[in-house]
Each structure stands twice: as structure tokens, then as C-alpha cells.
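Structure in C-alpha cells, see below.
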């Protein structure tokens, strides 16, 4: 049984708490959150203790940390956990600054601890099946990849302001997904954007609609389409076109009951947001982390994966400004 | 170029008029209808003449008749056309009385003319594709056939009164379809019904919802589900289950544009009724009749097919009354 | 925390074991199975003890029993558990003999314990959503119900011999589903069948393909279509036609990735069998049983529901033999 | 009855020949083609005469021309027909050179004749329905448009060489579609491409896979995805995302019969290519041209529309070379 220190009791912290508790080999030992009441409540629910960062990291019985705190605390916590010899699961991103990510990863490397970065979609059964079919040769050689990712509704402008912008906050998942599916690293990035959904997002200095084109060494192009609002739930689709056809991962609907009436044949909307859509992915992600803890496998999504996704997101920012394709080294 | 005498200018007469005129080898020479104004209008539209029955049948230049008049005139017109040596296309049914059908077919046989009975669904591209796939062995040996046929909305009670009842008027198409797809004749019939849609149909002595079960010599069962109202357009589906899987012919939608919104993902309804749904079938049916006229093929749907469908419909009536399975010779 | 005695370590016993252990308010205290090795293994896995029937039922710390043993032991175990004052969850059926079911239920009633009969499909999120939409008036008044239920592949003849026959073993779920969705009890039953899938099933005295028609007091007809083999996974569908349209619960596919190729556009098959298809239903069923244990709700599926499903299955047997509609009191 | 001179007897000329002949108000009077045998054959089939360009244009009885000849003859024929006072239907493009298009349109304007440019997709019932729903406010204000257009298989390199390149030959339809649906003209164009399908296309100096991003004055972005090969038929889809949801026009399948088997649930492929997919569009296009001839409406797709589509295609070429967004005046 591995003892886990859980940093952060917000929405995503609670998701991981459920999965840590449900896994036969892990339990929550410590809960750490500046919001004391929330920490107490979560700790009580799972028979854990509320601790400070220092207490948790110096507790010898704690094997690993699960970092779900605010983004600007991730790099520090990773470094301190690494230095304390703990295995680390950290929600994406490591940091919004590339240099900070790089210095952080150096610390992790020196410490020699395991680090799994939480790009949840890599564990989604649909996308995983798509990749497995691709790897098995179902559509031959890859030619074009199209990733659609639309949130159900826009975030509040206050969130936008600290989010790092749509590319680092939202598209980063799709940039990672492109690398995950194709198994190569892009050589160039072009990004386009507009503020169509909510003027307040524009006032906060960001865009809410984006189209990204990546070129890969093999010649494959990846086309990412993002919006902060779909108007019909969480739209998460992948199309991979190859020399022998297409693989297409569709949305997961809220249910499978259709209602045919005098007006139309209505099916249910896609599941509303990431908590529902990626519920299974979060479970499988945690199972993978436990496999890492048990030494069975290496992390499928490393610090370098986190770094490279940020490199791509930064290149999107640059391309959007320059109206040019940005070449990557 | 074959000259055609068209009997009947109603809804279905107009459908055939368009197809006769559009076919490069046929043209409308005569239009016959007790409703004079309608006949004049249709004749003018296609450069044809209004004629009496006698005039049309004694006109040597007329090669064939297309009978789309009221049901109770079919058998008489078939006999007179046969005696006049004309090839005959007649809308289903030949008659609502089995003995009348049989005496009529004797006349046709004596006359030695070609007779094609209009079971339009046999020419539907969807059902035809299903049968071709079945014949090619796609699902192995047949096990169960499920036919769903629901009208968009109930007919007026006045129509119900002269229709011969749901089995002879509506189910007869599905009874023929079962024979067409499976290529065998049933050995027993069980019919169930209820009046759920419109009490006026019950008052007219009929039911509006029916479930029929047919047994075939090979052991296959066919399950027919009928309703005078779907509430969502014309519901026309066939499922054929075999030893190696299922073939499933679905509805044809009004269009293929989906509308995804905050409420649901809406697709268009099935095409509203038989004029839209079987538009292509009527065209192909006429092409087949022309092939018959040209001596290229024998009629795919003969007088005997019309007779057997009525035998099955009559057995449904008997089974509904007796609450028993009716054995067929 | 409720202590549960689990009777039976087979396939379905293992399903419930997982769910009992995963529920925060229940744990497995005792495992009972004549197959000692299996009992030991399961008990070890969940920290439970292997007990005899007597030991388990006389153990005061045990609050409830979960009966997953062979069908012919159900009624006895229910009676003994009732007399021992335990709350009872029992997999369907209570017994294959109606009189035995009735005597058993008398014992339960005298004992005054709670009994939940395991018709798992009542908890399926798809069928539940369909019923909720129907109850909310989405399609108006019910007119026809069509239930399709096809197993992926036929059971071995040895199983068929002790199964009670297709109606009591398989159709019983659909008969219960019809009552569950429509909220009324049928007034008549007609059943049709054939042995199409496997001659060995016929030699074992059973059929493998069935079509059932039920009439309800409101006039609604329910049409159940069963087969012991689909050839494409577990086919579980419900269509409810009403005065304002249709509700249609479709199959759950193995995954949502489509493969479009030069041959066709391929989607995944329906989930293979009940363990996958009703995984969530089994979880929700157990949650419901815990709610019953906690006194929050009454059982949604009582002994009487189990009895009535068997009455209907028996009527199917009778109708199949007599080729007549069987009236129910 | 309008007399039509048909220039060009190739694949697309034959499509229009059928439609001209089937329309009650038009007939083919003259057929013009340097390939004499083809002209004779087509003329015989429709009771028309083979003529030279001069003969046809000086024939007073000819009301209009239908230009389906080789692309490099379009502009000349348009000018000569305009000068002869004929109404003009011309297949896209007017010419591959923008200056030639402009000089040609000046001649047309001076002559004051009607000119309809053949962007067939504007008449497709699916895309038309999508635009009508959009215009009716179904999804509110437009935000993003995604157009997918993939040919079934790549053209021969010899065709590629004279085609003007993928943007002027293939994407031009999608560029026009974007303008048609959104009702505005783009302000910038970015184009990306690769040669993935067939190296011979690269050797012919072209690409075979393209991603285009257009920005419109309202802020809307249009994302066009092209490939010379789908591997599964003609992939023609449009998604319009707006402030209140999405409209999605899907592919038209070869038929609607599904085949469910032990491997998968297979549906038919999209219709194979433009002749099948846009059969109805070509008919409706010709009906529109006849309405123009009859003075009922103005051409829905003018010379200026043809010119603007070429401007956009030229901008794609420039953007692909410069790796920059090209601003339009």
C-alpha cells in the first residue's frame, strides 16, 4: 500500500482523491491545501491527516505526491518533493514559463525520482483505441491529423488572466495529443486565433477561438481546432487520416436514448465537461502511476513531454503575433 | 416508344405519369379518369388525350395500361385490358376479395398478357441492397426477419372504411416484403392488434396498431410491426438476422444536416411518406415494367405475388379474430 | 457498515463481490460455496471468511445475504435467510417453479425481511433514462413497446437443459422490462419460437429464437424479440412508441472509434455480453440494495415482481405449445 | 423552350447534357467538341447537331451556351459567346490566370449578357439546408467554419500538371463555399501543404494535402482541410459553429444498409465522387440557370464570385510559399 500526499483540494484534487482511495494499492495519507476547511473536509472523508507542505514531505511513510494545487505552485512543489525523494504525479502544466519548467526538470533529474505529468487524455479509452489501431497499421501511414477540442462554455475572465492564455491552458492538451498519437515531434507551428465567444476574454488579453497547424518530420500535418465554447457540451474528437483510410474517435454522449418526434430525431449531447468525459481516463492514469510506483513501467508522460507541449504552446503564441510559421529546432 | 394508357389521375397516378414521361421508351397516350377535369389537366400536361375506358382499350396504338384508379376498379380493368391484349401494370391490390383476385388472374392467364403488380418497395434501393447482400451470403442462413412499417399519421376514417382494413391495406406491403426478402412462402400467420392511435379507426371497425408473426418452412420467423402513426415521419426499416450477423436497412432522412445545441444533437426526421421515401423505387419499378414490355425480363412481381400477399392478409384477419395461429396450405 | 454474506462464487458472484467491496457502506464478511477452493480464493481477496450456510445465517454480525448460487438453491436460501432475519438480495429467478416461488414468498412475508430480486436491467442507465423520459411525458401515451434482446452466442446444451427454457431463462428479463417501463401488468401473452441457431438446443428440448406479444390493459402491445445468438455481441435495445413519437435506447458499443476504409465505415460492435453491458447496472443495483438496507427506500423489484415475471414466462411456454393467445387473470 | 449549345462532351459535359435534356424548358441544339466522334455521338443521343464554335455562336436560334470544355478554352468561349449575345453557363474556373479572368469579365460586362459560373456545391441540398438553417438563426452568430473536402483517390500527374495546382483546382470549391455560407469575403489567407499521398504529385510541382485558414471581417475563421485521397470515397463535410451551437452537414452514403458481424458494425462508404455526390446539385444548378434565362432571378454565382475564388486560391499559393499570412485588400 502506497501512502499518498495530496496537494490541492479543488475540483481536480477531488477527482484524484476518489481514484487514489478506490485503488487497492494506494491511500491518501496527507492532504495539503492553504484553504484549511477544504483540506480538513477531504482529509476526514478519506481518513487522512491535514499537513503542511513541510510535514508531508518530511513524513517518511509517504511514498508519493499528487500535485493538484494552483498552477503557479507546481514547479516549486515538484522540486521540493523530488528533493524529499518522493515519486511525483503532477497535473499539467509544470509551469507556464519554459525556463522555469527546465530548471525544475533538472532538479527532478538530479534527484532521480519518478515524475508523471498529468496529460489525462493520453489515458482516454477512445483516443487510446485510436492510437492502438493506428499502431497496428489499420490506416497505413499517417497523412493528416485533425483534433477538435471545444469547451462547453467560456471560463470567467479572471481565470483567463492567470491561465497563460488559450494555447498554454487549453490547446496544450491537443498539442500533446498530436505528439502522443503520431509519435513524432513537430518541426513547425502556425497559429491563428480570434476572440469570438466573449469580448471579456479579449479584454483579458486572450483569444477564445484558435486554429493551429503543425508540420511533422514525416510530412504529416496536424490541424487543431479549439474554442472556449461549443454550445453543446464538451466536444472532443480526433480524426487520423492515413494512406489506407481514416480513424475517427467521436464524442461520448450523456446517454444513448434517442427521442424521435415531429420536429427531429434527437440524441443526447456530448458529456458536458472533462470531469465526466475523462472520468475513466483519470482512473487509468492513476493506475498507470501506481504501476510506475511499483516499478513495473516507466512514466508514459514525462517531464520532457510536459516541456515539449509548452514549447509548442509558446510557438503558437509567437506565430499568432507574427502571422508567420514558427520553425522549431 | 411504348404508348401507355394511364387509368387514374390521383396522387399515385401523378407519380407514375412523371415516370412514364421521363422514361425514354414510354409516353402517355391516353388518360382515363371519371373525374374529367383532372384527366384533362394531366393529359394536357403530357400531350396525351382524354379517353374513355373503351376508347383506350380499343386503341391499337396503345401498348400497355398503367392502372392507378380506385381499388375496386382494378380487377375489372385488368380483365378488360388483358382481353384487349394490353400489357398491364396495376397498383396493388388486384382486389380486396381473394376469389375476385383469382378469377381475375384466370382471365389474365388465358389472355397471355404480361401483368406486373405494383409492390413498390421491392424496387427500393435500400431493401434491394439488403436482399442482394443476403443473397450473396453476407449473414449466412436467415434466422429472423423484423420489418417495421409505420405511417406518419393516421388516414381519415372514411378511407379506413373502404381500405379493407390495416392488414389488406398496409401490412400487405410488409407481407410481400417478407416473401421477397426470404424467398419462401409462410406456413403460418399470427396477428395481434389494437386501436391505440385514433378511436375513430376503431369505430370504423379497424385497428391501427399491429404485430404479425410469420413462420416459414425453413424455420425462419418474420416479425412485422405496423402502426398508422409514428409521430416522426414514415418509419420503414428492415432487420434480417442470420447465422453470421445482421443486415439492417434504415430510414432515409429528410436531409443530413445535424443541429447540435444546448438541448440535444438533432438530426432530420425520416422522409415524411411514401411519395418521398419511395420516389426512386417508383422510377425503378417503371424501368422494370419497360424491360418487361421489351421482353427482356419476366415480371418480378406477378399476379400470383399479389394473390399470395392477400392470402396472408386474410390469414391475419382470421388470426386476429380467433387469437390463434392460422396455418396456411 | 453492513456485513454481507455472499452465496456463490461464480461469474455473477464475482460481479457482486467487486461492487459490495467498492461500496463505502458494505463489506463481504462471509463467502459460502460448495466449491471450497473458489470460496477460499474469493474470501482471501476480500478479507472475508469462508463459512457454511448455517454459520453465515447464525452469525449475528451479518446483516444481509447476496444470493448468487445455482438457481435451484435460491428458494431454499431465501427462506432460510428470511427466517434468520437477514435482508436478502437474490439474483433472478427465485425458482423455476411458480408454486415454489409462491411458497417461498410466503415465508419471506411472514419473516418480514426485505427482499430485492435481481433484475439487473432495471438499473441500466439507458433503460432508466428511457423510462424517465417516458414518465416525463416526452412521447405522450404509450402505444407499442419493442424489446430486442439477443445473446452473443448460444449457451452449451447442458446449460439449456437446466435453464428452464428460453422463456424462463432469457425472456424473463424482457418480460420484467416490459412491466417496468410500462408500469402495468399484461392481460395476455402469445409466444412463438423456433430452433434456428443450434440443433443441439432443439435436442435439449428448447428453442433458441422467440417472438412474444403481450397485451396490456391500456391497449399497449409489447413485442419481444429474442435470440440465443446475434453474431455481433449482446444486442439490447428498447423502442417505446407513443402518441407523440418514439424513445429508443440503443446498444453500447465496445468503443467509439470508427474505421473508414475502402470497404466500408466500420464502428465497434455492441459490448459483448451482460458483464460489460450491465456493469454500471450491477453497481447501481447494489447501491439501491444498500439504500434498502438503510431504510431509505423500499425494494424497487420485489418478490412479487419476480413471481409475475415467472407467470409471464410460464404463459409463454403454454402459448408456444397451444399456438393460442394465453389470457392472464 | 431554350436552345442550348453544349461545348465539351467529356465527363462533365455529359452530366449537363442529361440535365439540359430532362429540363422541360431546355433542349440541346448544338454540340461542339474538337473530338468529333464524341460530339457526333452525344448530338445523336439528344437529337442535336454537331457544330463548329462559329456556327453555334452565329446560330440565332441558340439562346445560351453551356461551357464544359477544357479549362484553357473557357475564357475565350465566354468572350465569344458574350459578344454573340448568348447567355452563358460556364463550368469553373473561368481561367487559371486572374488577369485573364478580369479581362474576360470586362467583355461579359460590356456585352451585358448573363453569366452563371458553375460552383456546383452551392446547389447541394445538404449545404443549402445548412446555410438556410444558419440564415434562420439556428446557431446564432457564426464563430468558426470547418470544411472538409477529400477526393477518393489522387488524379494522374499529367492532370496535376495542367490543373493550376491543388488550390486553384480543388480548394477553390471550398474557398467559394466559405464565402457562400458565411456571406462575407475573407481579409486574410494562410495556407499549409504537404505531399503525402503520391510522390508523383510532388514531382509535378504540386502538393496533395492542404490546410487553409481564412479570417473574415466579422472575426470568423474558416478552416479548410483538403486531400487528394481519402481512401474511403468522396469526403464532403461542413461544420458551422456559432454562438448557439453547431450545424453539421455529413456525407451521403452509397446506401443505408448496415452489416453487423462478428468483426464490426459496417455502414456503407460515402458516395464515391462528385458525379454521384452532386448529382442533385447539378440538376438544381441547371434549374437555376433556366430561371436566369427566364429572367426570374439573377445568377447566384457570378463572374465576380469566380474571380474572388481565384483571388483566394492565388493567395493560398503565395502563403504556402512565404509561410506567412497573406492579407487581402
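Each chain carries a letter (A, B, C and D) given by its place in the written order, and its residues are counted from 1.
Keep in mind that, in the parts below, a contact is a pair of C-beta atoms (placed from the backbone, for glycine too) under 8 Å apart; a residue touches a chain by one contact, two chains touch by 3 or more.
Note that the structure is a prediction, hence the values are computed from the model and not measured.
Here C-D and B-C are compared, and the pair linked by more C-beta contacts is B-C.
The chain with its Cα centre farthest from the Cα centre of chain C is D. For the pair chain C and chain D, the distance between mean C-alpha positions equals 58 Å.
Centroid to centroid, with C-alpha atoms defining each point, chain B and chain C lie 42 Å apart. Annotation for chain D: residues 139, 230-232, 244-246, 259-262 touch two or more other chains. Contacts from chain D toward chain C in the complex involve residues 230-232, 253, 259-270. Residues 139, 141, 143-144, 146, 148, 150, 188, 190, 192-197, 209, 211, 213, 215, 219-221, 223, 225, 227, 229-232, 235, 241-246, 323-325 of chain A are the ones touching chain D in the complex. If you check the complex, the residues on chain C that touch chain A are 22, 125-126, 129-130, 133, 138-139, 244-252, 255-262.
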